[in-house]
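Residue numbering begins at 1 within each chain, and the chains themselves are lettered A, B, C and D in the order written.
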Amino acid sequence: MHAPTIVEVVAVERSTPIHTTVSFDYPAPALPGQFVMVWLPGVDEIPMSLSRTGVRKAMVARVRGDATAALCALQVGDRIGIRGPYGRPFAVTRRRNVAVGGGTGMAPLLPLVRHGPPGTHWDLIVGGATKAELLYLDWAAAAVSDEGLDVTLHTATEDGSAGTRGYPTAIVEALLAKGGIDEVFACGPELLMFGAFQSCERHDVPLQASMERFMKCGFGICDACALSGYLTCLDGPVFDRPALRLMQEFGHSQRNAAGLPQGI
Amino acid sequence: MHTLPGDELPDELAGAVADPLLATTLGRLRLRNPIILASGFLGETGQSLVRCFAHGCGGVVTKSIGTLPRLGHANPTVVEVDGGLLNAIGLANPGMEHYRSELAAVRDAQVPGPIIGSIFGADPQEFSQLAKGMAAAGADALELNLSCPHVKGVGTEVGSDPRLVEQITAATTAAVSIPVFVKLSPNIADILPIAAAAVDGGAAGLTAINTVRGMAIDVRLRRPILSHGQGGLSGPAIRPVGVAAVFRIASHLQVPIMGVGGISCGADALEYLMAGAHAVQVGTALMDRGPLAFAHIATELRDFLRVEGFGKVSEVIGLAQGERP
Amino acid sequence: MHTLPGDELPDELAGAVADPLLATTLGRLRLRNPIILASGFLGETGQSLVRCFAHGCGGVVTKSIGTLPRLGHANPTVVEVDGGLLNAIGLANPGMEHYRSELAAVRDAQVPGPIIGSIFGADPQEFSQLAKGMAAAGADALELNLSCPHVKGVGTEVGSDPRLVEQITAATTAAVSIPVFVKLSPNIADILPIAAAAVDGGAAGLTAINTVRGMAIDVRLRRPILSHGQGGLSGPAIRPVGVAAVFRIASHLQVPIMGVGGISCGADALEYLMAGAHAVQVGTALMDRGPLAFAHIATELRDFLRVEGFGKVSEVIGLAQGERP
Amino acid sequence: MHAPTIVEVVAVERSTPIHTTVSFDYPAPALPGQFVMVWLPGVDEIPMSLSRTGVRKAMVARVRGDATAALCALQVGDRIGIRGPYGRPFAVTRRRNVAVGGGTGMAPLLPLVRHGPPGTHWDLIVGGATKAELLYLDWAAAAVSDEGLDVTLHTATEDGSAGTRGYPTAIVEALLAKGGIDEVFACGPELLMFGAFQSCERHDVPLQASMERFMKCGFGICDACALSGYLTCLDGPVFDRPALRLMQEFGHSQRNAAGLPQGI
């Protein structure tokens, strides 16, 4: 039923100075890469990736406008509406993977890395503007030691306050150039994903990227999320390299609520 | 026609959508099958329209396009309700100037059926301007969406005033040479006078019905779910309303009708055809049956016609009207 | 109150239907709970009305009664459709003269809630005569059913003409001292002018909505299923239509409203109450939930109010209207 | 779903000069005493008891008006609509039973006797105006010999052309007076059932009788079939003695399509 289920916020965390994680209980099964439509009453209904995929679910946002501001201002006990989960999740089928995230793009990568098949090795690249803004870095570091995950952690900051100075795409390129990588998983700003796509094309490595487009229905009827013939909500948000290659709009344009193309 | 990888129909479905049993005409338009995409579904971009043909439809109606880009209402704009869907998209559209490039992509793809351009405006002038734009962009026919708010009244639509409907239709048919269909609203005491007004204005055909006015309230948040409050109901819930409208129009007027409202399977399409529709449009069924809804409905329709011994789909049109006087 | 063997409610349900949390008023009428039997359901005989009280309702509306006995349309008169029921009973009723004896049986049974007598006629005179009959028979209030065919127009109902609605209401309120509710049809471009006309005519309150015009066709028999062809749609399919109507009326007029259309559970009733209804009527839900539907809906409503911390049911009325100006 | 399922007539038999049995395949499970609503397109939709209750079902009618005339004129291959089955069936819980039927009232008694629990003894009373009009008499006779049912067959005709002259109620009274009967099942003209009821009251023997009232919906919403507070379609058509005792209308009045009471 594509109608919002009303849930209460059970936890709100300032995950970084600019990122807020909101948790709620919503039993519908979900997989990493899937998203929900979040109704912020009186404000908007927006797509959000799930950063926790169990019965207790979570999402993480940074303030971009009204809706994300309302989301980041939620308090424990507040009621919001959730429908979904929607969309095609990430699918891990190979052993040595790179997961590259920028900003809130870390959201789906967290459950992806955590719930990947045993024996999977991850190079996890966390990108952000500054050291303080690197999302879920603490969790990632802890996961390696506590949960015994096979994760090699990389960081990239624009100001060089932690890890490589510059964009995380540089690390992707370096890893692929070195070789031995089976697949890349990307989520974050479109230019980050586009950079990762170009590296994967160059080195002929499979890629799955989680795209963002304006969404209204979330279940494939309204065309708001159209992306070069694909529907981001139904065929995506996770697309593989062959599909991304066909998208003239990838890295170049996206449509607003009117369906009018605009630059990325 | 260019298709995305994985978009080729399985042979079984591909055979049905192009089965000669289903080939038919809608006034001057030729259709490989009578299952047409309804306006407002997957019709904001040219590439999505092309894909609907890949998924088996016989024709498409574009999203309703206005003169200027419109963002429409804020989300939530859609919510599922018992037996259907409620929406208040608010006529969001990229505007005619941009939309010409979308239609160009459809023309370039050489799709196997007509493109019916849906337009909406406030008065006859705006409709005729938009009509010219759609025709120039390569639409094979037009559908006039008269469900925009009526400036004169409160709570009513342009399409509830027979005089205005006749004027708009007349202005539009005068402006273009392609056939003009008028889409009717069910939110009216009697649909027949409006249908007759459209025909008097020169409409080549009619489309019935648009959505039924409705509202859903979330009782835990204590507010309407749609940001706009009120919305339009579509899906199986309104099928009886649409069938009654088509039946009533077809029993009085001799024009081709596209039946729309709650068609999810072959039997649903047949209800409309037997009521008197020449073709049908499918929208909300995409929610439950996915993008292949067209091909599945066409297959079910073809199979029914075969089993019941019909030679072509047009033979069932108006059968439920009984003996015509 | 006399009950048939086996008709005693289980304690759990009996507690809910008479829970003080649900006690409320509808204008001058006192209700133990706001769940009322809708007209046309189980209301042809007095003993069935009594039984509805045994099954937990807060009040009943009788079948619509006319001056003379009417056989109504031939069967099939009802057929289930996706999300609802389609009916064309055709105002079958035993006529006012006989019906007085049915109501006498209800009065004798000392039922725990009001009897609202529904009447239909062709003009103000007939309505006022029937009103006197119902009042004399002991009805606590009246509901005017304006959904009979309108002699002047074609395909429309008495209730789509604001002047006639005002005249009928005025004649009826002048004829009796019990409160008069006017039941509105959704088959109209805008329900508000009709609602306003009823209030101008002196209505104590309004009921919204009656059934939505519809038709179902059997594609194997190639004919409409109902003998009358067209019928009226009820059930979950029309809930958004009814909620929108109540919301619109309540945001403009300050009269008690009974909300009706597709209420099957406590949450559905709450949608109407939060839209602005003071009480709700239940009909088609009897199809799926059986005669105990009243008690179950009352229980669900009571439980919701408790969990959400409301002190009485009237606190939720109109909550979805937001801040009133 | 209370919408007609279209079936084709698979057999039409003249069961007596005045009774026609119509068979059709309709898989919904049904029990003896239940009825279906039969849509005769262009004519009417009427309640009919099932005289066969398997996947292949049957009903038997005698011409009373338009609808029964259309039903008796059906040909193999004709299409009709069926919905249901509806109503409370007979329930056999005792060993020594009387089944008394008059005219088409034999319809539900046939499957009742045939499918009763093993070890049940039946006194089956078939009533009619003349010998030729005794419905299902051949079947009943054959059932005793072929199907090994424990049935004692009685007949009553008004003209005395077979069995007892007069009404079958006289046989009921005689059997009850003799004693040893655990329960009576009756179907037929209301005065027959009322007679059986009076005998059962007198001898204090349980009774189940299948009542007929005007029906529209068949599923308990319209009140057309109201019978002294009961709904024939939902609470019946089979009622037991305590319920029948409360029905002032039993044997006295029934309502027409307008809901107006008329004499039986």
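As a working rule, a residue touches a chain if its C-beta (ideal position, glycine included) is under 8 Å from a C-beta of that chain, and two chains touch if they have at least 3 such contacts.
Not measured: the values here are computed from a predicted model.
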Through how few touching steps can chain A be joined to chain D? 3
So which chain is farthest from chain A, going by the mean of the CA atoms in each chain? D
If you average the CA atoms of chain C and of chain D, how many Å lie between those two points? 36
Euclidean distance of C-alpha centroids - chain A vs chain C, Å: 51
Residue numbers in chain C touching 2 or more other chains? 81, 216, 220, 223
Draw the chains as dots and join the ones that touch; what shape do you get: line, ring, star, complete or other? line
Going by the contact rule set out above, which residues of chain C touch chain B in the complex? 81-84, 86, 153-157, 160, 187-190, 192, 212-217, 219-220, 222-224, 229-231, 233, 236-241, 243-244, 247-248, 262, 267, 270-271, 274-275, 304, 308, 316, 319-320, 322
Which residues, counting only chain C, touch chain D once they are in their complex? 4-5, 40-45, 47-48, 50-51, 63, 69-72, 74-81, 85, 89, 92-95, 98, 216, 218, 220-221, 223, 225, 227, 283-284, 286-287, 290-291
Residues of chain A touching chain B in the complex: 1-4, 6, 37, 39, 41-46, 79, 81, 216-217, 219-224, 226, 228-231, 234, 242-243, 246, 255-261
